[in-house]
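Shared chain: chain A. Partners: chain B in the first complex, chain C in the second.
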Partner chain A sequence: MMVFFWVMVILISLSMLAFIYRLIVGPSIPDRVVALDSLGVALICMIGLFSILVDTSFFLEIILLLAILAFIGTVAFSKFLEKGEIIQRDNDHS
Partner chain B sequence: MSFVYFIFIPMLAALVIPFLYKKVRGIHTGWFVLAVPVILFSLYTTFLSKVKNGESFTSSFEWIPSLNISVTSYIDGLSLLFSLLITGIGSLVVLYSIFYLDKTREQLHNFYVYLLLFMTAMLGVVQSDHMISLYFFWELTSISSFLLIGYWYKRDRSRFGALKSMMITVFGGLMMLGGFVLLSIMGDTYSIRELIASAPELGNHEWFVWSLILILLGAFTKSAQFPFYIWLPDAMEAPTPVSAYLHSATMVKAGLYLVARFTPIFASSEWWIWLVTGIGLLTLFWGSFFALKQTDLKGILAFSTVSQLGLIMSLLGAGAISFHTGIEEDSIFKYAAFAAIFHLVNHATFKGSLFMIAGIVDHETGTRDIRKLGGLMSMMPISFTIALIGSFSMAGLPPFNGFLSKEMFLTGMLSIQDFNLFAFDTWGILFPIIAWIASVFTFIYSFYFVFRTFTGKHKPDLLPKQAHEAPIGMLISPAILGSLVVAIFFIPNVIGDVLVKPAVVAIQPYLYDVPEDIHIHIKAWHGPNIELWMTIGIVLLGYLLYATLSKWQPLYNKFPQGFTLNRLYDTMMFLSEVGTNRLTRFYMTGFIRSYLVYMFTGIVLLTISTVFIKEAFDISFATLAPIRFYELIIALVLIAGTLTILLAKSRLTSIIALGAVGYSVALFFVIFNAPDLALTQLVIETVSVALFLLAFYHLPKLNRHENRMKFRLGNALVAIGVGVTVTIVALSAHSQKLVPSISSYYEKTVYKEAGGGNIVNVILVDYRGFDTLFEIAVLAIASLGIIALIQLRLTKKKEVNRIEDK
Partner chain C sequence: MTTIIANILIVSTIVFGVIFILVTAIGLIRLPDVYSRTHAASKSATLGVMFILLGVFLHFWLIEGHINTRILLGIVFLFITGPVGGHVIGRSAYLTGVKLWDKSVKDELAPVVAERKKQHEQNKT
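And now, the complex of A and B:
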């Protein structure tokens, strides 16, 4: 069982390294944004594995939070890339 | 009798003067002022008969009783003499000023308020027995003198002279305060009389010489001794009554008073005798030598005042020698103190009258330049007579009082070589020689002053005004002083018995108990001794040199200007102003980078040196926990993120790397079992990265430098230093834990006392809720501040637009 666990850890670490490579090198900004999003998901996996390792349920909140943040961050970045700003002003104020 | 309050009478009168000036425009304000010194003079004369018998009086009121500070007025021979001089010459000067200053053109209320303030200050100086109140009045003389010199404040020279005198005398005053404080610590009292009583014990104290030098600095700056005399010639920009009063008769004698008053305390020290006598003699020579260079009447008188003050100072120093020789009948040094006080009185009389004459000449011809003056004798006969009396007295000729004091001065200087202590027997021979040469110059400038002004060819075309005799009111005061000059010559022993002897008892209490013990009789004719031959020599050589003055006076212009003391003062002022300005500009660069470098360097140096000096450098790895595999991984990610921030080419990469660092820190929180911290860290990191991106997006297009940070060796060194320091401190602190943690208490009571399961949250809101409260306040202030910044800026922009639209 623990062998399986450590294999998972190593695999996710390797995928994180690949994401980081794309994050640093990634020729265009959308490449980096997607890498960052995936990195967040990989992080969620790592924390889940860590919770198994130390046998606690306190970190499940963090998993949820990370998921939300990764989503919001990606959406915000996408909107920024598409429209040039994140929060649009009301039309009557412009 | 509580005569201590007499001191404050002029100050109280000064309160009323502006009202009188505004309400009673018809009468010259000076007439009201005149009453004050006259009344005070008559009040002080009532002490004369008792003080003559050796009595002294004390009167005081508490000022700050808890600090043992009081205003104590102590009247003995010395302070009574000075009080009479201040009020007496004060009355004459006020009388003179009534005619000198115009009622309509001058701001008389200012003038008389300053003058009355000065009078209070001066009375306070000479009567104070308490050193702190003495210092208080001392500074009040400096301030009121500053105001009086700058009376015509629209002239550049007046302001310059006022500032210069202020700088020098306040410097001296501050030094003197230091001396007073040392003295009061040594003697454990502020009272000068008590210090005099315990004088023999003070001499062995290690601070004795320090307090001596500091107090002498105060006296020398005030009394315009070498090298501090330079303010006095520049103070001649004051109105002439001020020059006559402050800069000849009273304020410049405050230093002499101080020396005389402290002689019983310090006379046992050879420092005192050498400094007072030597500096006095040097000042005498220097002042008399450079008086001939002046072309301004008041300039001549200023240098002459400097020189005569040096004479009195050297006599006071010689008088202090008697502390060592004792009271044997043949000891000549006890004459020196007598001569000093006697000459002090004489100088006040003749110098006051001479200044007033200079003022009259200025007033009636429109110039004080001696090169334009001449031949005024027939037009101004009374002024000429008074000037002649004053000058001859200053030169030391009979039948005027200057002759008597000059003879005694020569006697005192001649006898110095008999004194066989402190190397005076080898160097003492210089004293009479220098004194004699200085007397020759005194003779020459006295003649130069009076004859260049009043005889010779009249040059009406050079004079701004038609010369004529002064009004009678202006002549009253100098005439009174001039007649005193003559009167003192014929009845010197009256002055000697009534005024001088009680003052000498105050200066030399270790020699005499009552004034009758002093067996000194002034004789105008003292037989054909060496002093008489010296005087004859002075007259012959002085007359010879005066007759050939026009041949050798231009030599003065050869004196290099670069080496004068005025130049030194100007350079010092320039350096202190421009130099400090440059220094400040050198390190206050205006760049935050420089200040950060200073601060961080300071932190590194202070911390590292403290660690090494206290030998707190102690690192042990025994208490450390073992390192786990995934901690190492996250640490590597953290380091990689940090290096990316530093080395990144674009700012966007730096921001993302910063986010990566923040998330790795959150991971650290996870693996170190801090779920609450990890939650908060994640959210906050996301928000702040978003804010950074916002700021990045709004960078101006032109200056968006997409290049790497420049490498600076200094920055790198400082950064490495800070990092190493913090690491050392953290490791050392961790290795030396002294007190056990209190967290076990929280662990035990978190449910029992607080009814919660989450220990972090219970600490935040229950155990230590106050911190949370104020961190909420911090957040509220930050958000309000952001709103304010954005809103205010927007409205301002609108206003600017509106102005541009118009």
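And now, the complex of A and C:
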């Protein structure tokens, strides 16, 4: 059973290498953002498998935390690309 | 007997999820432009991570014997936010002018964006 989980960890780290290749090569900025987003998703899978491997359930809060952080990062970066700023100023009072 | 069935369930869900993560990696390397890469990343990565987390949840439930609700919350959160993140980054890629693949045959958003831009110019003057 342990060998099986190690093989799964190795396969996920191979796919993380593919994401890092796209992060370095990617011709435009949205390519890199997509690669970073899926890198966060692969990191979530790694944390789940490692919490099985070291046989503790204390790592499982990090899964939810990483999911929220990856989503906020993606949305903030795409808003920056689209509008040039992340938090817009008020237009009411001049 | 029950542990054998539990192990079969855990192994099959985790193998399914890892296959989907590998498909995501192959898609991110091989596909030609940003939009098809976003298509690969948002859908198959979301399904893969959902299946792996389901396997982890089954492991902690059936082997260790406690139900961990934070993993279920994580599965629901990833199911909601994965496609939303893909949509948002694809939209910003289109609006910042990243070119489509040169063999793509249809661009239905281009006249809409041109019309909006013309209206914006008229409002400004």
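The criterion applied here is as follows: the second predicted complex is superposed on the first by the 92 of 94 C-alpha atoms of A that agree within 3 Å, B and C clash if a C-alpha of one lies under 4 Å from a C-alpha of the other, contacts with A are read in each partner's own complex, and residues count from 1 in each chain.
The rule we apply is simple: contacts are C-beta pairs under 8 Å (C-beta built on N, C-alpha and C of every residue); 3 or more make two chains touch, one makes a residue touch a chain.
Every value quoted in this text rests on a predicted model; they were computed, and no experiment measured them.
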Partner chain(s) touched by A:R32 [first = chain B, second = chain C, both, neither]: first
Touching partner for A:E61 - first (chain B), second (chain C), both, neither: both
Touched partner set for A:F50, first chain B, second chain C, both or neither: first
Partner chain in contact with A:K79 - chain B first, chain C second, else both or neither: second
Touching partner for A:V41 - first (chain B), second (chain C), both, neither: second
First (chain B), second (chain C), both or neither touched by A:A18: second
Which superposed partner A:F71 touches (first chain B, second chain C, both, neither): second
Per-residue touch tally on chain A - higher for chain B or for chain C: C
Overlap of the chain B and chain C footprints on chain A, listed as residue numbers: 61
Of chain A, residues touching chain C in the complex: 1, 4-5, 8, 11-12, 14-19, 21-22, 28-31, 33-35, 37-38, 41-42, 44-45, 48-49, 51-52, 57, 60-61, 63-64, 67-68, 70-71, 74-75, 77-79, 81-82
Chain C to chain A touching residues, read off their complex: 7, 11, 14-15, 17-18, 21-22, 24-26, 28-29, 34, 37-38, 41, 45-46, 48-49, 52-53, 55-56, 59-60, 64, 66, 68, 70-71, 73-74, 77-78, 81-82, 84-86, 88-93, 95-96, 98
Residue ranges of chain B touching chain A (in the complex, touch as defined): 630, 633, 644, 653, 656, 663, 666-667, 670-671, 673, 675, 678-679, 682-683, 686, 690, 693-694, 697
Chain A to chain B touching residues, read off their complex: 9, 13, 23-24, 32, 36, 43, 46-47, 50, 54, 56, 58-59, 61-62, 65-66, 69, 72-73, 76, 80, 86
